[in-house]
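Please read through the structure below; I'll follow up with questions.
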Amino acid sequence: MIVIIKREATEEKISALAEWLKTQGIKPDISRGKDITIMGLVGDVNGIDTDLLGALDIVESIKRISEPYKAANRKFHPEDTVVTLDNGTKIGGDNFVFMAGPCSVESEEQIIEVASRVKKAGAQLLRGGAFKPRTSPYAFQGMGAEGIRLLMEAKAATGLPVVTELMDIKDIDLFDGVDIIQIGARNMQNFEMLKELGQVKKPILLKRGFSNTIQEWLMSAEYIISGGNRDVILCERGIRTFETATRNTLDITSVPVIHKVSHLPIIVDVSHSTGHADLVESASLASTAAGANGLMIEVHNDPAHAKCDGQQSITPDQFDIISEKVMKVRSAIL
Amino acid sequence: MIVIIKREATEEKISALAEWLKTQGIKPDISRGKDITIMGLVGDVNGIDTDLLGALDIVESIKRISEPYKAANRKFHPEDTVVTLDNGTKIGGDNFVFMAGPCSVESEEQIIEVASRVKKAGAQLLRGGAFKPRTSPYAFQGMGAEGIRLLMEAKAATGLPVVTELMDIKDIDLFDGVDIIQIGARNMQNFEMLKELGQVKKPILLKRGFSNTIQEWLMSAEYIISGGNRDVILCERGIRTFETATRNTLDITSVPVIHKVSHLPIIVDVSHSTGHADLVESASLASTAAGANGLMIEVHNDPAHAKCDGQQSITPDQFDIISEKVMKVRSAIL
Amino acid sequence: MIVIIKREATEEKISALAEWLKTQGIKPDISRGKDITIMGLVGDVNGIDTDLLGALDIVESIKRISEPYKAANRKFHPEDTVVTLDNGTKIGGDNFVFMAGPCSVESEEQIIEVASRVKKAGAQLLRGGAFKPRTSPYAFQGMGAEGIRLLMEAKAATGLPVVTELMDIKDIDLFDGVDIIQIGARNMQNFEMLKELGQVKKPILLKRGFSNTIQEWLMSAEYIISGGNRDVILCERGIRTFETATRNTLDITSVPVIHKVSHLPIIVDVSHSTGHADLVESASLASTAAGANGLMIEVHNDPAHAKCDGQQSITPDQFDIISEKVMKVRSAIL
Amino acid sequence: MIVIIKREATEEKISALAEWLKTQGIKPDISRGKDITIMGLVGDVNGIDTDLLGALDIVESIKRISEPYKAANRKFHPEDTVVTLDNGTKIGGDNFVFMAGPCSVESEEQIIEVASRVKKAGAQLLRGGAFKPRTSPYAFQGMGAEGIRLLMEAKAATGLPVVTELMDIKDIDLFDGVDIIQIGARNMQNFEMLKELGQVKKPILLKRGFSNTIQEWLMSAEYIISGGNRDVILCERGIRTFETATRNTLDITSVPVIHKVSHLPIIVDVSHSTGHADLVESASLASTAAGANGLMIEVHNDPAHAKCDGQQSITPDQFDIISEKVMKVRSAIL
């Protein structure tokens, strides 16, 4: 951490700050220039409150030079995190998974049909929403507990592990049979929930908030890991920009950036990031080529009558084609 | 609502859609052109699922022509909402309020001193954080229940009503003596919480999410109002943009936009939107001139040692000066 | 085009507008509802001034339903545009090209060495900046005319066609031997220049402005094509967002969007869009998988001493590896 | 400037870098920590190429600690720049001006009528576009030279100095009688043009690019000032964000930020930044309260038939009211 000292700061005040830092176990190195004085803080600065420091009279600004996350940081954990599900499915490292299924669970028939179809086409996990975050209070809010029950039936019928979204920690007991708990973009900085997820004994799929930086995303993962749950899977789902041709802007480069700075697996949700069924194939191939550890794709047996997000869902037939092409690209980059 | 029909759609399919719409109580007017066919839906379209409609084979796109919010919409409620607190303080309409106080409650001495000072300078409410949303799990998370207790002491000592943030609905019982419950930017789309706030018998100060549109903000207010709680106060607190000179970008024009489309009061948080104490005065004067119903300002007796956000806090002495100037501008526009 | 009429509009005013539209060759279809009246304009609406229409008393808003570009629109030109250079190199359709070379031309030795190396690794074009747009007036501004001369030497030595940036139309005569004129992001909406480029008899590589929508980008292409020059190649180079981990955010989905709505070729500049040499490989593979018609990559024989953008340049050895992997991904998707 | 050295850098390489910096007149201070080594560069670092430095093997990153602009920097020129026009009108410092008039010059009658009306209501300058930047090649492009001639007639008739946009430096001779040359948002980083404007002997109104940071804006001003023309007036006109309720997002805080870091005057274009006539009043009052040195407002005698931007133009009658209110707010803050 670097502290830029104001030009007009007195020697006395600078010394006082240096002394105080030493009491905190920090060694300050002071460089004096004509226009500027710099104090380099070397040592463990995680305990230093940057807001406090930045508000001091004599401080012009502060610059961090190391990342504020530790548990999620590849520097301190060079090995890839690999999450293993109960049925042996692995996520992370050299493994590649498809999480496919409908936006919302709508009926037993629907979820079992889609589950069977995507399994046949090579999917390792079934996705499906029971609790649905909707901008409008008047829109379909999901089947709730009944939706979870139907997902469990689909799991029993096909053997596919299930990933589904939790919107309120009070519903956690319903998620007993769920294999991966998904936390949606809008809850990425619901810090009270993140703290509780640190206590949960299940993998967490943490979606990126639609306007959160990669660093903020990793800080949210840090809440979960530092709370005791190491099985965090990141999920890029597009960010909000000025462009309106797509529902969100898929930040494809977040994939190699995450691999560089963190050991956590990263999945790309190619349906929400594009918002249009006819862009899903390109987004899938690109995400795979960029090195994603897997894809989350909305597949519906009847997209035109899906209860939500029908515009971005593909059919099982389209999924067959896309998954085959994805595996070809995957082979090409290995 | 307008449905744009694809050029290649058959007459049969268009008629089938029209028939189905009629069964939903909607009267579709069809305009046929050389390149395009348009279906205008007139009637109550709130029950129509736009995702479903948009996913149909023959539909190119859908355009809304009326706002999706009703309860928060000025068209249906032309009169300003005025929220009245227990001590008679009014927010909204022609009233103007200052909500001032420290970012975080830190001690009894601190909160009572700041409360007394801001009251003397004309503040109508005391703000202060007990539960603090922090990006980092390693940062100070607020005093919690003890912070609420200290706020109650400050209220008892000064008579100032209190506004403070609720981060988890499970803590609601602690908020008995609190006058306005603040919902932070990161929880603006925590829909499960919004539903529960609809049942609460207290005014809600709903901060705008830092990347949410004005329409999404009003849809979140709609969750609370349609749940039964009409006392919603909006709070603009800056949005996330590419500019880094300020912590956020104060979207000043949201103030007249809200007044145009909604009847709810709007307050501006001039501290978070700027992030720098030396910009607070200009932001306060601008927000007042733009027609805000009040200001939320961080005031700390010792900003350099504030436990969070010290950089953006002003001193009680600065608050004296700013509040006086604000009232001059307020007079100038009435 | 759809005109939403205000609720309070009189029949008289609506009729007057309808009459006037008819004189413009437009057939207006009027749909009247309880809350809203819609006028659908069918016919050739390109001559209609939407600003004028939108400002009328009785008009609430206007919604376009067809794209404002014609010449660049795939609807009217379903076949891919393929640009053919003097030496027979083709860009667009099923062809794939690498445009590689240094950010700036620095010396005869440098440009010839890099040109030879990238040619050997399979590049079809040499890129290199002679005129450099720089944020700071104090930064290196490029070698100018002398840089163009050196590019011509490298072209003579290797046979590689050359693409280089034009910043001011007054320099056009220097570009006689240049094969493709590059227009930078900052000049994408320099409309006076675009008009003049319509007269030029050379292919134009039109970079996307860093905050321009895909539609604005195509409108700028429209300026050039409607001026008489059909050889426009689009180049995605990243957009400006809130994320700071990368120099820009590569909008990967712009590739399939462009292929859907336009017939023009699209290239991805993987160096500017990422800004870091160690992200170039992933971005290259992703862009290829997404269906780009080629890549623009900064390659420097000594990135650590490059006069500009050294951080994002790769070495010729790295280019060898990346181009090989790219061709594998290219094969996988064909 | 601070150079962060990679952990794995050898002593030898660090020393070599330090030696080289000394030859450039820079004194490097080295602070060594457990995890990190920092090199503080004190001295005149403007000659140092940060791209070059950042690309070195041993360098992790570079952080600037002083602004890259000098001529536009208040630190080096504490006094406000005041631009004086031929008729004595002053812009900057304690002066306040209205620049009012139509988006486009359309006819002699129109421009003279509007000029007379806004003069009577207190405007000090007439604005009006002769050369119009338009996204679409099919939209009205302005009257060009004839428009300038009509502006000169309006100036002769009313005595109002004129501000109008220059889109191409080749037209500069037409601007002889123009008092302030406006450079539009899309040309803010047309560096070749900026260089030429440094030679011009007229004040330049430099609009902020719609996605440019305040620092980039000041760097563009720096091009003009360092070229020899000190009379630069900045004009905030809204930035591009995700919000669609307004045409752009007025970055109101740019006003106090500019006053803090620069000595140049700053004007706010309240018409383009909002895009709606009914938001112009609030934006005008807010900008004035924020400390702007003046306002640019589109006023049209018949907005419903304005050839461009009719939606955001106000009438002369509305201007009367707004200008009066603005002056009241102006008085309140002095």
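Descriptive notes on the structure:
Letters are used for the chains, namely A, B, C and D, taken in the order the chains are written, and counting of residues starts over at 1 for each.
Please note the rule applied: contacts are C-beta pairs under 8 Å (C-beta built on N, C-alpha and C of every residue); 3 or more make two chains touch, one makes a residue touch a chain.
Computed from a predicted structure; not experimentally measured.
Listed by label, the chains that touch chain C and also chain D are A, B. Set against the C-alpha centre of chain B, every other chain centre is closer than that of C. Averaged C-alpha coordinates put the centre of chain A at 39 Å from the centre of chain D. Between chain A and chain C, the centres computed from C-alpha atoms are 31 Å apart. Each of residues 211, 240-242 in chain D touches at least two other chains.
Residues of chain D that touch chain C in their complex: 46-47, 49, 51-52, 54-57, 68, 133-141, 167-168, 170, 186-187, 189-195, 210-211, 216, 219, 222-223, 226-227, 240, 303-311, 313. Chain C meets chain B in the complex at residues 2, 4, 27, 29, 31-36, 38, 40, 42-43, 60-61, 63, 65-66, 211, 240-242. Residue ranges on chain D touching chain B, taken from their complex, read 211, 213-215, 239, 241-246, 249-257, 260, 273-274, 278-279, 281-283, 285-291, 325, 328-329, 331-333.
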